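Scroll down for the structure; my scribbles are underneath it.
Chain IDs A, B and C follow the sequence of writing; residue 1 opens each chain.
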Amino acid sequence: MAMKLSIFVALIALLLPLLSTAFSPETPTDRRILVLLDDQSIKSSHSIFFKSFQTRGYDLDFRLADDPKISLQRYGQYLYDGLILFSPQAKRFGGSLDLAGVLEFVDSGRDLVIAADGAASDLIRDISTECGVDFDVDSAAMVIDHTSYAVSKTDGDHTLIASDEFIQSDVILGSEKIEAPVIFKGIAHSLNPANSLVLKVLSASPSAYSANPEAELSSPPSMSGSSISLVSVVQARNNARILISGSLDLFSDRLFGSGVQKAGSETTFEKSGNEQFVTELSKWVFHERGHLKAVSIQHHKVGEVVEPAMYRIKDELEFSVEIYEWSGKSWQPYVSDDVQVQFYMMSPYVLKTLSTNQKGLYSTSFKVPDVYGVFQFKVEYHRLGYTGLSLSKQIPVRPFRHNEYERFITTAFPYYGGSVSMMAGFFVFTIVYLYNK
Amino acid sequence: MAALENAKGTALRYACGNVLSFFILILIGVLAFSIRLFSVIKYESVIHEFDPYFNYRVTQFLTKNGIYDFWNWFDDRTWYPLGRVIGGTVYPGLTLTAGSLWWLLNSLNIPLSVETVCVFTAPIFSANAAWATYLLTKEVKGTGAGLTAAVVLAMVPSYISRSVAGSYDNEAVAIFALIFTFYLYIKTLNTGSLFYATLNALAYFYMVCSWGGYTFIINLIPMHVLLCIVTGRYSSRLYIAYAPLVVLGTLLAALVPVVGFNAVMTSEHFASFLVFIILHVVALVYYIKGILSPKMFKVAVTLVVSVGVVVCFAMMAVLVAMVASSPTKGWSGRSLSLLDPTYASKYIPIIASVSEHQPPTWPSYFMDINVLAFLVPAGIISCFLPLSDASSFVVLYIVTSVYFSGVMVRLMLVLAPAACIMSGIALSEAFSVFTRSIKFQMPKLLDDSDPVPGDITSGNSVVQSNQTKVEKHSAADKSEGTLKERPQKKSKKKEKEPLEKASIKSQIEKKLLVLPLESSVLAILLLVLLGAFYVVHCVWAAAEAYSAPSIVLTSHSHDGLHVFDDFREAYAWLSHNTEVNDKVASWWDYGYQTTAMANRTVIVDNNTWNNTHIATVGTAMSSPEKAAWDIFNSLDVKYVLVVFGGLVGYPSDDINKFLWMVRIGGGVFPHIKEPDYLRDGQYRIDSQATPTMLNCLMYKLSYYRFVETDGKGFDRVRRTEIGKKYFKLSHFEEVFTTHHWMVRIYKLKPLKNRIRGKTKKSKSSPKTSGSKKDERVKKNPWH
Amino acid sequence: MVKTTSKDAQDLFRALRSAYAATPTNLKIIDLYIVFAIMTAVIQVVYVGIVGSFPFNSFLSGVLSCVGTAVLAVCLRIQVNKENKEFKDLPPERAFADFVLCNVVLHLVIMNFIG
């Protein structure tokens, strides 16, 4: 039986064949980005943001959202690796692009940035909903916070929020701490707590709520407190990353440059945290950080090098896997002490933490349990901000062969003696009997 | 001088008789072989049904990798992820037989494919079985009866059903082994030769290798020994026939991996050990009796009996303790269901779900052994006429096998040889009585003045010559195209009993009681007529009833013959369109075929050794889509295969088996409850069906898009319109449906890439994802 | 009562011994052989009672080889016993050949099974 070991190196593998051209497992960083704008003025009002991309080597293609020539694909190949939707008011896209097209783009493993604002269209809301983010249904509502607003010249605009409730993740926001609060002006969204794919990156303070600032507050606001998310990211199961912000102004040059003082706080920052926040976040979204890959899963018996097609119960084996992280330019060894391997058959029989040699190689050795069956080496590594690693490698474990059991057991010697004496006795008897006759 | 000539003449006649019976036997073999070829001629040379596919696959492995790899074969393609140790769980007799047959043919430069060898193994061995029957019956009642029994066995429908060409199953070989073991036992019993005793043990070994039914032997023979002892027929031949068989047989049986220590540890075998001990006590008693004077013997008896009773009690206590300490009180489920026919249906749905394990109905007796059923009593009576050790064994055989066949349809197969032997004896006795009376009356007719034939000796020799005549006659019958087989008859039973009595009397009174000529001739004619009826029935059974391979189906309708080759279509699709390591889930009936034909890993198969695993699949099939998806996903299943007969009216499809899935699943996972699937105790799939039924995976996979075929969704098996016609699948997608919709293959959809938010139409989605977790906790047996 | 029983027993044993003394030598050899086999079996059973039945296959083959030998020897004894009328036409040579064959099979199986 030609037992071929299959290797499912599955970076959530379903759509892997579609990840082609520039966006490849080898260089996961996006290169070509389509930016859809409501009007060309955004290009200049958000120029710092865009420029930061260009300096990092990205290729930006600006289009108006209703440009009839927009098309993500040509001949079945995607033309872009990332999509930035700075078009909160677009009722529909031009060209062939529509809601399904955007989602397909994401499902093919490509990245998406969505910025909404007070007048976000249904289209943008639908895209966000499909990604697991629910904007406040009241289209006139904005996030209002009477305690942690940004102090500014026009005092009393409590929709201009200064928030420093960032997600605690170096991977997403970079290792450098963001000192200044981020100024936010836009709409609220909420996340489904059961949805494990979506993360709040910037959340509102407990005193925030979402309501129409122009109208009297007649009923309790539909969203309030820290359940309001201002900026969220989604990492889909295929590792496509999505950034959803309730504010387009967040990315604007104006807020990048403005100083900030949080209400009730004495410290005034020369410059808001927006630029750092947004830039670091965009690095994460476009896979400059936090992208892992696992290569060369190997296992073999202790003392051997060749990978067997099958193990026997109670074999000692060694398992190793190499894990690298993409630094934006090259693959660097990923160092961590919490990578675990399971030896799995319906439930993990062995669960071991892999030790690393600091150069990306993780290895361990263990004894095959005394159970036969079709096992899998499984590495399930899901860490906040990192792409998930789900590796499995199937390997059958067989019982002892009939000639592998212990032989010549000491306790059994009397039995051996007994039967040998019978055989000897048989010969003696034969001789005696025949001779006697 | 005259006596010498007479003797010479007799010797010559015997020689002629021997040659004749040799040729008759060859013809019987050809008959047995060729009557089983209908399946090849009508269909094609394929392996049949389910289990044979597994045996075929094992044989392929054996021929490719040799015996040692076979012995140690750990199969990772079935019972995923548990795997199965094939070498240790399979009865290797059949595979080794076919494998060595193939090897022999190939080394003789006859290049046959393994499949061909497998297809024809069963017919070859049925010829062997016919010869073994001849030998056995000859030991019991002489050549005439032997030949008759062999002919009858060669055609008995019950055996044909299991041994048509292509039905490559254990029973095909095992029946031969069974009869041959019995023959050697009787032979040893009659001759008292250690040589035959050794052969007997080896034949028993072959039987153990071949079939789990060997326990029948190891219980029947001790029963017979016990019977002999109780009826005072103990002889030292009995000792020689039995004692070495137990020791050698047990050792040899323990060599077969699948039996192993069961040969001494389970209570199916304890009877033989008990009788072994009793036999030794009895032998000792007889020995001491032999060397002592009667008076001293009496003294000895009092002593020995008092000691012996104590010893016996001790032994009983030990045995009882051993039985009690062994699992399931030492009885496996199948054996328990033999003793208590209701046991299986009460406790083990998985055994009860197999149709072969159901008790047979009366028509099936008539179908399977036909007129033999009426001849058996006559045969029993004639066995009692001189009751010898051998004939008492045959009587015991038929009595026990009748009982067992009443418990389980499958064991009808064990009954068939016994019935054939009995019928053979009955027919041959009847013929000899009738022909003898004719023979005696012939001279009377010709010459009235001649007195009744004289003294005993001449009477005897005439009887002998008559018997030879009978043989010749029957030989002529058979060689003339096998259509004029002998004998059977209902009315005959009536005539027969007085006849038998008459013949006893004639022996006792040394006078020949002669039947009137006319009635004799008439009776013979009737016997021949019934024989012809039997032959016609057997040929019909072989050609029509039992030769369908069940992998290819045909149906006749007004516009001709339809062939449904959907199974192979589906398996071919699987093997061409799926990854090598993909797992396919289906109900266990199709496991063997999937591994053998599609070469894909399956979750469960027809070797139902792990009830929990089967129950898991049953649970998945009876759960709603989402729960089923979770179960299948946890088993790494990629594809789900269901068999659906609603379009073409194929009745043994998964919907009809579905209640068993529910029962088996519910037996392990109590949240599956059978009443949820029944409306007022009725199993239905129309609009009256319960919501649980209409939402379970099996229903959905079977009837998905079914309404598109005729616009109404009319199920031709259940003869009703289905209850829920328009629905979508959320977690499965249809990837392949065969031409007649008999096999439908679905693929598990992968997890959604994104999780939707909750606004608008997705209001329910947070609930679903929440409840999904809950279900996983509750319903997925692996979490 | 006890006295009569013991007296009877003594009579019995005496009678047995005298009866047995009349047995031909070759049968006596067989008897000796049987006793030897049974003793070996008993020793092994006692041993298994002490150390437990771990290598069960070894134990089984050890004991069964003794039992088998004994049984076969009894069969041989039955067949070659001239007083036994049932086997008049079976020559002792043939009986012995069968016996050897049987033993060979037995010991082959034992060798296979013991390890």
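Here is the rule we go by: contacts are C-beta pairs under 8 Å (C-beta built on N, C-alpha and C of every residue); 3 or more make two chains touch, one makes a residue touch a chain.
Chain-to-protein mapping (UniProt): B = dolichyl-diphosphooligosaccharide--protein glycotransferase.
Small disclaimer: the values here were computed from a predicted structure and weren't measured.
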Seminar exercise, completed: Larger contact count among B-C and A-C belongs to B-C
Exercise. Can you name the chain that lies farthest from chain C, using the mean of each chain's Cα atoms as its centre?
Worked result: A
For this session: Would you identify the chain whose C-alpha centroid lies closest to the centroid of all protein C-alpha atoms displayed?
Result: B
Problem set entry | Distance between chain centroids, defined by C-alpha means - chain A, chain B (Å) | 58
Seminar exercise, completed: Whole-Å distance, C-alpha centre of chain B to that of chain C, is 39
Exercise. Which whole number of Å gives the spacing of the CA centres of chain A and chain C?
Worked result: 78
Exercise. What are the residue numbers in chain C that touch two or more other chains?
Worked result: 61, 110
For this session: Could you check chain A for residues that touch two or more other chains and list them?
Result: none
Seminar exercise, completed: Per the touch rule above, chain B residues touching chain A in the complex are 61, 71-72, 74-77, 80-83, 85, 87-88, 257, 579-581, 601, 634-635, 750-760, 762, 765-766, 769-770, 773, 782
Exercise. Along chain C, where are the residues that touch chain B in the complex?
Worked result: 5, 8-9, 11-12, 15-16, 19-20, 22-23, 56-57, 60-61, 64, 67-68, 71-72, 74-76, 78-79, 83-84, 86-87, 90, 94-95, 97-99, 101-102, 105-106, 109-110, 112-113
Seminar exercise, completed: Residue positions on chain B within touch of chain C in the complex are 192-195, 197-198, 201-202, 235-237, 239-240, 243-244, 247-248, 250-252, 254-255, 261, 264, 283, 288, 290-293, 296, 299-300, 302-303
For this session: Using the touch rule from the top, collect the residues of chain C that touch chain A in their complex.
Result: 25-26, 29-30, 33, 36-37, 40-41, 43-44, 47, 51, 54-55, 58-59, 61-63, 65-66, 69, 73, 96, 100, 103, 107, 110-111, 114-115
Problem set entry | In the complex, chain A residues that touch chain C | 407-409, 411-412, 414-416, 418-419, 421-423, 425-426, 429-430, 432-434, 436-437
